[in-house]
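Note that subunit A is present in both complexes that follow, paired respectively with subunit B and with subunit C.
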Partner chain A sequence: MECVFGLVGDGFALVAADTSAVHSILVHKSNEDKVMILDSHKLLGASGEAGDRVQFTEYIQKNVHLYEFRNGIPLTTAATANFTRGELALALRKNPYSVNILLAGYDKNIGPSLYYIDYIATLHKVDKGAFGYGSYFSLSMMDRHYKSGMSLEEAIDLVDKCIIEIRSRLVVAPPNFVIKIVDKDGAREYAWRESIKDAGVSAA
Partner chain B sequence: MSIFEYNGSALVAMVGKNCFAIASDRRLGVNLQTVATDFQRIFKIHDKLYIGLSGLATDAQTMYQRLVFRHKLYQLREERDMKPQTFASLVSALLYEKRFGPYFCQPVIAGLGDDDVPFICTMDCLGAKELAKDFVVSGTASESLYGACESMYKPNMESEELFETISQALLSSVDRDCLSGWGGHVLLVTPTEVQERTLKGRMD
Partner chain C sequence: MARYDRAITVFSPDGHLFQVEYALEAVRKGNAAVGVRGTDTIVLGVEKKSTPKLQDSRSVRKIVSLDTHIALACAGLKADARVLINRARIECQSHRLTVEDPVTVEYITRYIAGLQQKYTQSGGVRPFGLSTLIVGFDPDTGVPALYQTDPSGTFSAWKANATGRNSNSMREFLEKNYKETSGQETVKLAIRALLEVVESGGKNIEIAVMTKEHGLRQLEEAEIDAIVAEIEAEKAAAEAAKKAPSRDT
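And now, the complex of A and B:
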C-alpha cells in the first residue's frame, strides 16, 4: 500500500511519500524515508519492493554523483530521468527491478520538472503523478484542485488534502508521510505528516 | 488484459495525393487508470519519414531509441536519409531479432519515398510487414479503426480532406475504446511542409 505522489508548482517541484516499511501484515517501521535526495537539485521518490527500491535508487544516486565528479557539472533532470529509464529498461528483460519512480528536479534555465518512471521503464514528463493504491485518491484530488503555477502554500494544501483522502479512504492506509521539495535553493525535506510516532527503543 | 493493452494506444496512417497523414491518440494508461493525456506515440525519423509505435509504451520508447540510433549511423555512412521501404525492412529486422522475447509494440511507418510517392506500412510485434495502398491501423482501437477507415477513405484525397478524414476516423474509433483517446495528434506531411495538429475529442 505504498503511496508516492508529486506535483510541479511555481518554481518548485515536490514529492510526497508514505513512510511505512511493511512486510506482509507486519509494519517494520513507520519512519522509512522513501524520497531520496539525489543531488543538490534532484529528488527521487520511489515505491516498490523494499530491496529493489533501496538498491536501485542508491545505484542511481551514486552514478549521478559520479557524473558530477567526472565532468564537473551536474546532470540535468531530463538526463537523469533518461539514464534511470535506461537502467530499468536494460534490466527489464534480464533481472527486472520492481521500483516505480517519481523524479523531481530543478534546472537553472528550465525550471522545475517531474518525471514519471514506471517499473517497466515507461518514461513521461508530467505535471502531477502518483503510484500505488494511493494514486487512485491522490490523482483524483490533484485533477480537481491542481492548476499550473501553484504557490508553495497552495501545493502543500493540496498535498495535505491528498493525504487526508488516502488516510480516510484506503483500507490499510499508511499513517505517516514525508514531503520533500526542490526549487532554485536546492532539494530539501519540507515536512513530515505523522499520525503515529515510532516508540523509541527503551534502554536495556 | 494482454500486455499489448497495458498502456492503450491507437494509431492510423493514410495515403493521400502526394501526401500522407499519420495520427495517434494521446492517452498513456496503466491498465484502466489514466496516467497522462499528452503522451507522444509518433516519432520523426527524418523530414519525410515518421514512425508510430503502439503497444507497450516502454518497448515503444526503447524501439524508438534503437531506430534513431540506427538511422543516424546510416546517415553518417550513406550521407543521406533512409528510404521508407528500407526503414521498414530495418524495423522488421530489429523486431524479428527478438523473435523469442519480442518487443510488445506494433509500428506504423509512413513516409514519402522517391519522387515523393507516399509509403505506409504496419507490422506485428514480430516484424511481419503489411504494405497497404490506402491506410494502416494499429493499437487497442484497431478494429474500430479498420471499420472507420474503410468507410471514410477515398483514394487521392488532397491534404485538407485527408486531414479531415483521418481525424474523424481516429476520433470516432477511440470513442469506442476505453483504453485510448483523450484527444488526438495528427501529422500531415506533403513534399513541401509538415503540419502538426492536436485534436480535441471526448476527454474520457
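And now, the complex of A and C:
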C-alpha cells in the first residue's frame, strides 16, 4: 500500500511518500525514507519492491554523481529522467526492476520539473503524478485542487489534503509521510507527517 | 640493452624493467607538481606551461577532483592521466555504492597504483607515463593525507612531495623548509616550493586548496598573485635583515 505523489509549484517541485517498510502483514518500520536526494537539486521518490527500490535508486544516484565528477557540471533533470528510464528499459526484458519513480528537479533557466517513470520504463513529464493505491485518492484530490504556479503554502495544503484522504479512505493506510522539496536553493526535506511515532519500550 | 626494452614483460639481465624506467623519464619531462600536507589544509600546485593565446585555458584543468574529498594532480602524459582519472572516479562511486562509505585516500591510491602496476606486467601494453599526487581527508578520522604513485605502481605517503620537472630541487627545498603548517601557511609553503623552479607569477602556476569543510577550491589568478607578492616581500625583508647586521659591525 505504498503511496508516492508529487507536484510542481511556483519555482519548486515537491515529492511526498509514505514511510512504512512492509513485508506481508508485518510493518518493519514506519520511518523508512523513500525519497532520495539524488544530488544538490534533484529528488527521487521511489516505490516498489524494497530491494529493487534501494538497489536501483542508489545505482542511479552514483551514476549521476559520476557524471558530475567527470564533466564538472551536473546532469539536467530531463537528462537524468531519460537516463533512469533507459536503465529500466534495458533491464526490462531480462531482469526487470519493480520500482516506480517520481523524479523532481530544479534546473537553472528551466525551473522546476517532475517526471513520472513507471516500472516498465514509461516516461512522462508531468505537473502532478502519483503511484500506488494511494494514487486513486491523491490524484483525484490533485485533479480537483491543483492549479499551475501554486505557492508553497497552497501546495503543502494540497499535500495535506491528499494525506488526509489516503489516511481516511485506504484500508491499510500508511500512518506516516515524508515531504521533500526542491527549488533554486536545492533539494531538502521539508516536513514529516506522523500519526504514529516509533515508540520506545514503555515503562512497566 | 636494446633487446631488453621492447616488450615490457622482459627483465633485463641486471634486473631492470626498462619500459618502466623510460616512463619515469616521461614523468621527469612533465610539468612540475607539488603537494604539501598541513594540519587542516592540503595544497596541490602545478606549473602552467605557457598557454597558447588562442587556447581556452579553462579546458586544461591539471588539478582534478576524484570525489568530494579527494583530489589529484599529476606530472607526465596527460592523455594517460585522463584514463587513470576516469577509472579512479568510477571506483570512488563504485566503492560508495557497494559499501556505502566514501573511499579513504589510501584506498584510492592503492587502486590507482594497482592499475599502474598491472600495465607493467601485461603483454603488448605500455605503462602509464605519469606520477600522481593524491590528496584528501579520510572520511572517518578527518586526517589529511598526501600520497604519491609512479609508473612502476609503487605508492607511499608523504608530508610534502614534488614530481615532474625539477622535482629534485623542489623536494630539496621542502626538506629544508618543511614544518607543520595550517591554513594559509601551507599554501605559502607550496607556492614557495613551486617558485623555486617556475617563473614567478599567478599565470604560471595553478594552485588548489583542500579543506575538510569546503572540499577542493581552485585559487584565482589574482589570489595567487597576491600570495606570490607576499612571499617576495618576505624574501626581500629576509635579505635586508641578513645584510643589515653585517653593516653595523
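Odds and ends about this structure:
Following the convention adopted for this analysis, the second predicted complex is superposed on the first by the 199 of 204 C-alpha atoms of A that agree within 3 Å, B and C clash if a C-alpha of one lies under 4 Å from a C-alpha of the other, contacts with A are read in each partner's own complex, and residues count from 1 in each chain.
Please note the rule applied: a residue touches a chain if its C-beta (ideal position, glycine included) is under 8 Å from a C-beta of that chain, and two chains touch if they have at least 3 such contacts.
What you are looking at is a predicted structure, and each value in this text was computed from that prediction instead of being measured.
Look at subunit A after the overlay: subunit B and subunit C fit there side by side. In the superposed pair of complexes, A:R93 makes contact with subunit B only, with no contact to subunit C.
In the superposed model, subunit B and subunit C sit 100 degrees apart as seen from the Cα centre of subunit A, a figure rounded to the nearest 10.
In the superposed model, B is the one of subunit B and subunit C that contacts more residues of subunit A. By the touch criterion stated above, A:G129 is placed in contact with subunit B alone, subunit C being left untouched. Once chain A of one complex is fitted onto chain A of the other, the partner contacts of A:R53 are absent, as it touches neither subunit B nor subunit C.
Contact with neither subunit B nor subunit C is seen for A:R167 once the two complexes are overlaid on the shared chain.
When the shared chain is aligned, subunit B comes close enough to touch A:A121, but subunit C does not. Look at A:R85: by the touch rule set out above, it reaches subunit B but stays clear of subunit C.
For the overlaid pair of complexes, the smallest distance between C-alpha atoms of subunit B and those of subunit C rounds to 27 Å.
Across the two superposed structures, the residue set of subunit A contacted by subunit B and also by subunit C is empty. Across the complex, subunit B is touched by residues 85, 89, 92-93, 116, 118, 120-124, 126, 129, 135-136, 139 of subunit A. Here subunit B touches subunit A in the complex through residues 7, 28, 30, 33, 35-36, 39, 56-58, 61-62, 101, going by the rule given at the top. Contact residues of subunit C toward subunit A in the complex are 61, 65-67, 86, 89-90, 92-94, 96-97. Across the interface of their complex, subunit C is touched by residues 58-59, 62-63, 65-66, 69-70, 72 of subunit A.
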